[in-house]
Amino acid sequence: MQIENCSRWFGNVVAVNDVTMTIGPGITGLLGPNGAGKSTLIHMLAGFLPPSAGTVTLDGGPVWKNHDVYRTIGIVPEREATYDSLTGRQFVLASAELHGLDDAGAAASRALATVAMEDAAHRRIGEYSKGMKQRVKMASALVHDPAVLLLDEPFNGMDPRQRLHLIELLREMGAEGRTVLFSSHILEEVEQLASQIEVLIAGRYAASGDYREIRRLMTDRPHQYTVISSDNRMLAAALVADASTAAVRLNGDALHVDASEFLRFAELLPLVARDAGIRLFEVTPADESLESVFAYLVEK
Amino acid sequence: MSQPEPTPSPAGVIHDIGYRGYDGGRLDRRRIGSALFVHSLRGVFGLGRAGKSKIIPFGLAVVMVLPALIIAVVNVALAGQGVATEPVLQYARYPMVLSAAIAIFVAVQATQAVSLDLRFHSLPLYMSRPLSRADYVRAKYAALTLGLFLLMAMPILIMYVGSLFAEFPIGRETGDVVLALIGAMLYALVLAGIGLVIASLTARRGFGIAGVIAVLTLSYAIVTALQGWVGEMVGDLQTAGWIGLFSPMTLVDGVQVWAFGVETSTPAGPPGGAGPVFLVVTLGVIAVCYAALIGRYRRVRL
Amino acid sequence: MNRTVLRLTAQAMLGGRRVLLVSAMAVILIGLALLVRLIGDISEPDIAAFLQVVSLATLMPLFGLIVGTGTIGPEIDDGSIIHLLSKPVPRPVIIHSKLVVAIVATVAFAVVPTALAALIMGASGSLALALAVGSLAAGAVYCVMFMLLAILTRHAVIIGLGYALIWESLVGSLVPGARNLSVQQWALAVTDALASPGLITANVGLVLAVTLIIGGFVAATWYAGSRLRVLTLATDD
């Protein structure tokens, strides 16, 4: 899927601001705080919202006003609304029929099996828990074997066991070569699952890549390391002497170093330690987690 | 900057961030109920809500008031020329003349008062306070009734002021106006009751509005058509009068005709001796609506 | 026409409270006819006048409103229409399927009861047929109009009510020029043409009325389909 210079505004509020990205096969995570425009972007990808400017295309063809595109796309929306009076099976079956599948019943059964909802499929959707509703919506989105799967905050409100199951399922989908895009504001999920992360903040496309790569891109911010060595104080003194170290702090038996130039520091540390005869026991980057990346990006 | 983990302490620590409990006095149930009442009353006229929800109440208020203004002016003009010695239209008949506008008002505001709470599940917010379900019902019923009463009273009073300017006999006019206001209160009670009962049955605003309007307009159309046919074609004014019991507007109109000696606004007024029945039925309808609302809200799932 | 959409819409309509309201209205109409029959004899002109007021003028617009908005309004309102829109079904097909359900409901709960009521009250076959056709025409146009309105705005019911009560009852009946734009008047013209002369007074020529009915119906259906294609769903983000 290709998004080019896409913007969307509602009156005075700009929800998505000049975003250009390509989403290919595999699992992509769309990350951003609430109100960042993730849902708006996904709605535009799904053809439910026209961009105010720019284009959204799937394999070169437009997504907006093109109902045939739904043969290739499966959508799992965030909002609860479903046909509460139908049973799970009836709902997925109706989905299959609407897609014009030849053997709708078999496709529905397959889809229900994939999301492990066969046992509960005979009960009404109105009686389902939130996680079950989510899974039924997922089955309805998978029933036509789509090449593209768009999920809007799929992990919202799921308990850990269901989350694991969903992660497994999405990993399978990604491994089969499908294009899976899901949005979240919870960092752990994106970390665990997505190979490619697109970060959206306040409507702007803030960063993309592997989360470690994202970190690497921002070399102008001091990297932090926690070092445990045989003589922290002497090591600190030796490190501070070099320009690549912005600050050092001694705390208990650990030395915290802020390095302003990542590469130079990485070369420097072992050299300095060797010259001073200090043994390094542990060198840990202190803020490689997505959380700190995120916090940093938000502050920016 | 990341901080090193503090050494775990055996017991957790709750930090003082300035949160203070409240040990002082709290307002009692009545105050809560009257606060809800005032809030609902303001909501009936769209005050305290978004701009768009003011259009209908204010628009309908204008629709109610304009003809009254015109009538008042006409009264003054005609009286000035010595042509008229009494108002062109009796005060008590005004609600019937504008029954369509009042019906729309009831439909829209009754659903706004109760359907929204059902739709967005905000009832638990109310019920988790020392506010009983009956209090909720009472507050809403009273608010809608008072709102409707004000809607009808405004034009009636405008016409009254016009009559004063026209120098019609003050004693007679004041008596008429007071009776008309009592009639307006009866209208308000009946219509509010019916509107709220229907609106409380559904969480969908559109359906609630359609339901209330359907009941009010259909009953009015059927009753007046039947009365017209029975009264004029068959010549049976007695039966035609009894038919007036079956529609809210004609019901209260019947009470007014009997109790206040007002001319009837329907094809057939209540037959002789039937007046008290109309009054009893009116009071019965109000009581039944109230009981239905209490029952409905006792059983509604929060 | 898509059978699945048809089935889903019909299930939603029959399972909800709407069907209670419309069947209550139908039952009341028939009960009324029985009552009138029991009280005394009623002449044909009176039957015509009575049903004109009760059925054509009051029942049909309300019916069209409840059923027309009911087929698509609630789904758009709570967002569940996304399940229909996320399928490769052409939007006009969705509209046609829902319209069929609406019109069948109208026939079952409004047109047939109107004809039955007329017959019970002792009307001739031709008058009953005329009323049936007239109410069918009115009902069909109202259904599609209000369905279109439900797609255009969330306040479809209020606007529809304003149209039915204010435009149709007051302006449309009284102001001569405006009568040409009133669905009720078109239906009256059709009824007048089919009934014995003198029973119904129509204020709009038959040719004009039929043209407007068919034209309005087709145009509204087409427009509803094209609006559904560009329907944007409200997002929270």
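Just so it is clear, A, B and C label the chains in written order, and each chain counts residues from 1 on its own.
In this section, contacts are C-beta pairs under 8 Å (C-beta built on N, C-alpha and C of every residue); 3 or more make two chains touch, one makes a residue touch a chain.
The shown structure was predicted, so the numbers you read here are calculated from the model rather than taken from an experiment.
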Touching chain A and chain B alike: which chains?
C
Relative to chain C, chain with the most remote C-alpha centre
A
I'd like the Å distance between the centres of chain A and chain B, where a centre is the mean of that chain's Cα atoms.
53
Find the geometric centre of each of chain A and chain C from their Cα atoms only, then give the gap between the two centres in Å, rounded to an integer.
49
Cα centroid separation, chain B vs chain C, in Å, comes to 29
Can you check the complex and tell me which residues of chain C touch chain A?
2-5, 7-8, 11-12, 15, 78-80, 82-91, 229-233, 235-237
Looking at the complex, which residues from chain C come into contact with chain B?
17-18, 21, 25, 28, 32, 35-36, 39-40, 42-43, 46, 49-50, 53-54, 57-59, 62, 65-66, 69-70, 73-74, 77, 156-158, 161-162, 165-166, 169-170
Going by the contact rule set out above, which residues of chain B touch chain C in the complex?
56, 100, 103-104, 107-108, 201-202, 204-207, 209-211, 213-214, 217-218, 221-222, 225-226, 229-230, 233-234, 236, 239
Can you tell me which positions in chain A touch chain C when the two form their complex?
15, 34-40, 43, 46, 48-50, 65, 67-71, 73-75, 77-79, 81-83, 85-86, 94-95, 97-100, 140-141
